[in-house]
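Letters are used for the chains, namely A, B, C, D, E and F, taken in the order the chains are written, and counting of residues starts over at 1 for each.
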Amino acid sequence: MKRVLLTGAAGNLGKMMRTSLADWASELRLSDIETVDDLLPNEEFVRCDLADADAVMALVEGCDAIVHFGGISTENSFENILSGNIKGAYHIYEAARQQGVKRLFFASSNHVVGFHHRETLLDANSPMRPDSLYGVSKGFGELLAQYYYDKFGIESALVRIGSCFPKPLNRRMLSTWLSEGDLTDLIKKVYAVDRLGCTIIYGVSNNPSTWWDNRHAKFIGWTAKDSSEVFEHEAYLEEERRDPNDPEVRFQGGVFASAGHFED
Amino acid sequence: MKRVLLTGAAGNLGKMMRTSLADWASELRLSDIETVDDLLPNEEFVRCDLADADAVMALVEGCDAIVHFGGISTENSFENILSGNIKGAYHIYEAARQQGVKRLFFASSNHVVGFHHRETLLDANSPMRPDSLYGVSKGFGELLAQYYYDKFGIESALVRIGSCFPKPLNRRMLSTWLSEGDLTDLIKKVYAVDRLGCTIIYGVSNNPSTWWDNRHAKFIGWTAKDSSEVFEHEAYLEEERRDPNDPEVRFQGGVFASAGHFED
Amino acid sequence: MKRVLLTGAAGNLGKMMRTSLADWASELRLSDIETVDDLLPNEEFVRCDLADADAVMALVEGCDAIVHFGGISTENSFENILSGNIKGAYHIYEAARQQGVKRLFFASSNHVVGFHHRETLLDANSPMRPDSLYGVSKGFGELLAQYYYDKFGIESALVRIGSCFPKPLNRRMLSTWLSEGDLTDLIKKVYAVDRLGCTIIYGVSNNPSTWWDNRHAKFIGWTAKDSSEVFEHEAYLEEERRDPNDPEVRFQGGVFASAGHFED
Amino acid sequence: MKRVLLTGAAGNLGKMMRTSLADWASELRLSDIETVDDLLPNEEFVRCDLADADAVMALVEGCDAIVHFGGISTENSFENILSGNIKGAYHIYEAARQQGVKRLFFASSNHVVGFHHRETLLDANSPMRPDSLYGVSKGFGELLAQYYYDKFGIESALVRIGSCFPKPLNRRMLSTWLSEGDLTDLIKKVYAVDRLGCTIIYGVSNNPSTWWDNRHAKFIGWTAKDSSEVFEHEAYLEEERRDPNDPEVRFQGGVFASAGHFED
Amino acid sequence: MKRVLLTGAAGNLGKMMRTSLADWASELRLSDIETVDDLLPNEEFVRCDLADADAVMALVEGCDAIVHFGGISTENSFENILSGNIKGAYHIYEAARQQGVKRLFFASSNHVVGFHHRETLLDANSPMRPDSLYGVSKGFGELLAQYYYDKFGIESALVRIGSCFPKPLNRRMLSTWLSEGDLTDLIKKVYAVDRLGCTIIYGVSNNPSTWWDNRHAKFIGWTAKDSSEVFEHEAYLEEERRDPNDPEVRFQGGVFASAGHFED
Amino acid sequence: MKRVLLTGAAGNLGKMMRTSLADWASELRLSDIETVDDLLPNEEFVRCDLADADAVMALVEGCDAIVHFGGISTENSFENILSGNIKGAYHIYEAARQQGVKRLFFASSNHVVGFHHRETLLDANSPMRPDSLYGVSKGFGELLAQYYYDKFGIESALVRIGSCFPKPLNRRMLSTWLSEGDLTDLIKKVYAVDRLGCTIIYGVSNNPSTWWDNRHAKFIGWTAKDSSEVFEHEAYLEEERRDPNDPEVRFQGGVFASAGHFED
């Protein structure tokens, strides 16, 4: 890859990927609404509010690929969701179209399907059941990506990221954990495959327990190599047991599904 | 029904339904961004911009049911779509939640699935493939409705309306035509059934050719009674033949699918 | 048909069918645990407790066909269910095997699937979710019939009867109603078709609202001709409206699903 | 339609269709390996052995549409099947490609799926299970048509004809009967629809009993109007009853499935 | 786990599990109709006829979990099946309900689906096709468990155990073998997962050949670690070859499917 | 295995398998239209044109098993395809039937499904979409095998071979590569399993990227052990990148799908 745009570079995933992708892209253009100032030689930083169409158009210019982690990454007010994730997604895709970017890695979220029960195995064809306004906005992003693919041929990986942290923070993450290494490999595979189409991929490591089946994305050639199995017996996880009928436990989205309305 | 809110009352469908539903609701509260001034005794009119959260909150107050035809009803700029259909849908659902409205008729559109081929029979489980920003925004509305159902128990009929005109305007509408009578019956059934859930229904009459299968909505008890068969041999339709490989003919969305970007 | 055994002849369905099938069977052998004493010339009555293996063996002797309505037909104590429906079904099938009866009409029940939601369209492949011990016992009967078919070639129609009354008794029955005429036709079709196999059929008329799809039984050639539509606007049905979240309304089984344990 | 080629014009179906399609095509070019000599004013006859590539090329020249009933229409020796149905199908499709014919009605057969059990409801996605060399050859024709569609865009209706006779000749045909009127309508619809693709259609009337589901072809707009119900109680059919385990009764293909090898 | 009830403790599986689960439960209450007298310090034994409701009620009192291996474990007379497996299952579930046990491990059997062909890959949604009265009774137990889950929220693992022996006893068991270690892990996982629901699991090791797919149970986090591959070339297995059309080889249930009626 | 017939022994796969199967068959009868003259002690060679029925009948006599690699193995003229693959397949199956061979390994091809998109995961139930006359002829062979199985009980493995070479020759083969070792194991498993039926198997190694799912063939017990992963970063493969919209890249069949008509 020559010049890669990484949005959301100041966020959790953005920080991780700056390191992991360092050897992969010749130049990494970072953007965020917050400042990133510890730049490496092959990095440049462009502050950008994704709700600003012109700023996004300028940001995308000259990039060969977009890894889009930007926007709001958890439940928030509708106003903020609208700016970061709805306008933001539109501005990114429209800029990609106008600037000739052919393929995007779109960080979607498992919260697009968070109201499915944990006993339900999902695949790429399962209906969306968002568990939050955040989840609805990521679903919007997926539909938009599908539209830009069907109409303009722009390819996307719609990666429904599980929980990407150094280790699972709670019991639910034993099922949803995505290691940094597996995410890095996935980004590389998405850009290595000859043909991507517009493909939904569950961003999850090879954990013993899983709710998601990536069979429809096998053509990409990505195989998760890490597993949450090594954390299974850590004390902080063992102690966290809950009632199976607690909505936080019934639904895949966990606390996103059991929470009330953000602004109440 | 006691007091029913009908949004989009100045539009094509809104006008039809004022007449058809006259004997069904004791009071009909009409709203639109444009004025409606030929009010009948049991009608009241409230001008309302759906992008204005407070205005929508006031509009919904005191209503028992919402038939939501409001917003943009064809392809348009992202800015307009955002105001009318994205903010609009959120304001309507959030007002319904706060005001205690339990069930909505949401006018979605066949353009949510317009990039499927005509040979593909769709049902409620088929993946969304919007053919326009308009279609994307209606898909957003469906996801939002699903969220309000899963989290707050607000029921919705997500009616993917075909082409509701006095008669089919072109050959495509032989397959997508929805008669005024069938739409009227559907609205009544949606409010008559004991339990609605959050259900996708294709709004289409009993035409000889169809791309859509309503089997998953049979529990509602709606059966379309009209058919486009009576129009099949009209000269203006016979003359319109086209190449089967024309994108306008390949895809269910017709000209919405074959068109370029709205703002280009 | 020459000699037909009709079990449960003193029950609701049994009484109806004595009349409807009068012109179809040359001889009708009736049985019940209660007495039937208004015999017609071509009827004979044999009192029989289905829990008595020898009695059932004698009952079946010389019959060409069995229409099995006998046993308990609503929720009851496990003891009674065990006698009438579990031992009863076994004795009937074992007698059929030993006496050479090749085909049975087995009155199963919609309560075998009563814990499915009303929004779920069921067909012959849907998993069983019984709503009562009664439903469990009918599921047992279906499994037993399948076993006698796979191992011994005895064919069965497993008819999940909805609600067979002169008219719907409540709103739920607008969806589950089975007319006497349609049931009669179904029994005749089951014995007229060249090959029956072991086939699940939903016993329901052609009602506007339905939860069940008989597509996998189309080869039998039965088409329900009656509809609950004619009763839809009767006052006693209009008045019965309920909360969509009431378990009696959520689940197909109605009050069977919402009820507590029989013996509590 | 201007000039339509009707192959197999001397056969059972060919004769029927000459009459039924008389008012539909301005000119009907008839072909068969046997002579047709009762030509009407708008008919011409070209004798043609379908195994002769050059003859078929000449036959197709100048035609706008091909209704292909030609070839062997029942079980036969491999040699004859090879000439009439395998070489024949290839020559027809290759001539269509070279002569610019865009759409064909290909008379396939229910014997392509004749080894499915009668209790199995088939649709366009069911696997082929031919019951004869004849059935295998029709399956070959379907694959060839699919190839010519995917590679060259030539559209085909692959019509798995049931039993097209004035009335059902045996009990099996109560399920497989196709009336002359319904076949005629189907041919016209196949050429009337804007886009056909390469579509499998079961050629069967609206009989009470059916093994085949045409839901995936609903977009064509064909609805069978006749039914075998009117023949159900004819004496010659009532008398024909058979053991349900007779292979002729187990399998959809009837005697084609139960027969031994043609040449033995 | 604190106090675990293990029924069928004198049987094959019961004996194995006493050892394997020794370090898992603080107290193990054993029951069987036969005596167990080699008790370890943390074991107690209660003789119990599962057909005796009161005895089972007393047996369950004070237990936190039930691992139910009790009852008849192979084909037998209906009378014995009725006592051990039908009354037995009901008494266990009813006692669990009254005594507040929230989760059961129910030893079902592959003989619930034994009449499926070996070429058919089954999953949790496959229809039951029992191959024996024993299989029917295990199907009854599964339906009962589903009922207690849907109505009372009692969770169950319905484990369709393959063949649990130190090594495969015949060629069929190369596909159905379940190692003691894998069974032990499964029991532990069933009680470790936060939410179990009512879930069908095929109890089979990671053998090269399998007829069963546990994808719908992946959320539990169990992965079989052993494989029958190590036994594949043992002489006693190599020598046992059979005709593929032998019913014992056609059907998954093996000799259960090919056997005649138990009492004949 | 005693005497095994290996057709196509002079071809690419034939040569490989002579070596790999040397220790498996006591006697290997080789055939080809070209001469094989480097015979090993347990090999015999019979020159045979598969289009010659009598020659094939003699060839098959005395064999216990047939591994059929013979015929045309790439796109060719219809005339050649007809001789080698259509007549050839018929002669082989008919000889097997007359000579009592019970089980065949039939080398089918991925080109039977080559017009599916690369993003589509195929399994044994996916519809055939041949990408060439060669692919159509292999589809014919599969249908013929199914017919001989359903009517005469002759079992077949229909192995849709990917790309069997020492290493992937191009990028596409990273997904389709089948190692010699995996093919050898598969042949042995096909003859080792007690019951084979008529089973479609994708002949592909355990590559990181795959378009094919062999779940329905798991009962055979074959697990591919090799992977193209080791070749992924070879320079000649890295350099070959292409436009994702190139038909050669869109479709699974690669250049077979993008090529024009063979004889043009």
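Here, a contact is a pair of C-beta atoms (placed from the backbone, for glycine too) under 8 Å apart; a residue touches a chain by one contact, two chains touch by 3 or more.
In this text the structure is predicted, and so the values were computed from the model without any measurement.
Chemist: Among the other chains, which touch chain B and chain E together?
Modeler: A, C
Chemist: Would you mind working out whether chain D and chain F touch using mostly the same residue numbers, over half shared, or mostly different ones?
Modeler: same
Chemist: Rounded to the nearest 5 degrees, what is the angle of the rotation relating the C-alpha atoms of chain A to those of chain F?
Modeler: Angle of rotation between the two copies: 120 degrees.
Chemist: Just curious, how far off is chain D from chain A if you go by their C-alpha centres, in Å?
Modeler: 52
Chemist: Just give me the whole-number Å value for how far the CA centre of chain C lies from that of chain E.
Modeler: 32
Chemist: As a quick test, compute the distance in whole Å between the mean CA positions of chain C and chain D.
Modeler: 41
Chemist: Would you mind giving me the full set of chain pairs in touch?
Modeler: A-B, A-E, A-F, B-C, B-D, C-D, C-E, D-F, E-F
Chemist: Give the list of chain A residues in touch with chain F in this complex.
Modeler: Contact set of chain A toward chain F: 102, 153, 155, 193-197, 199, 215-216, 218-223.
Chemist: Which residues, counting only chain F, touch chain D once they are in their complex?
Modeler: Interface residues on the chain F side: 78, 82, 86-87, 90, 94, 97, 115, 125, 127-133, 135-136, 139-140, 143-144, 146-147, 150-152, 257, 261.
Chemist: Hey, which residues of chain A end up touching chain E in the complex?
Modeler: Interface residues on chain A, with respect to chain E: 117-119, 121, 171, 174-175, 207-211, 213, 241-242, 244-245, 249-250.
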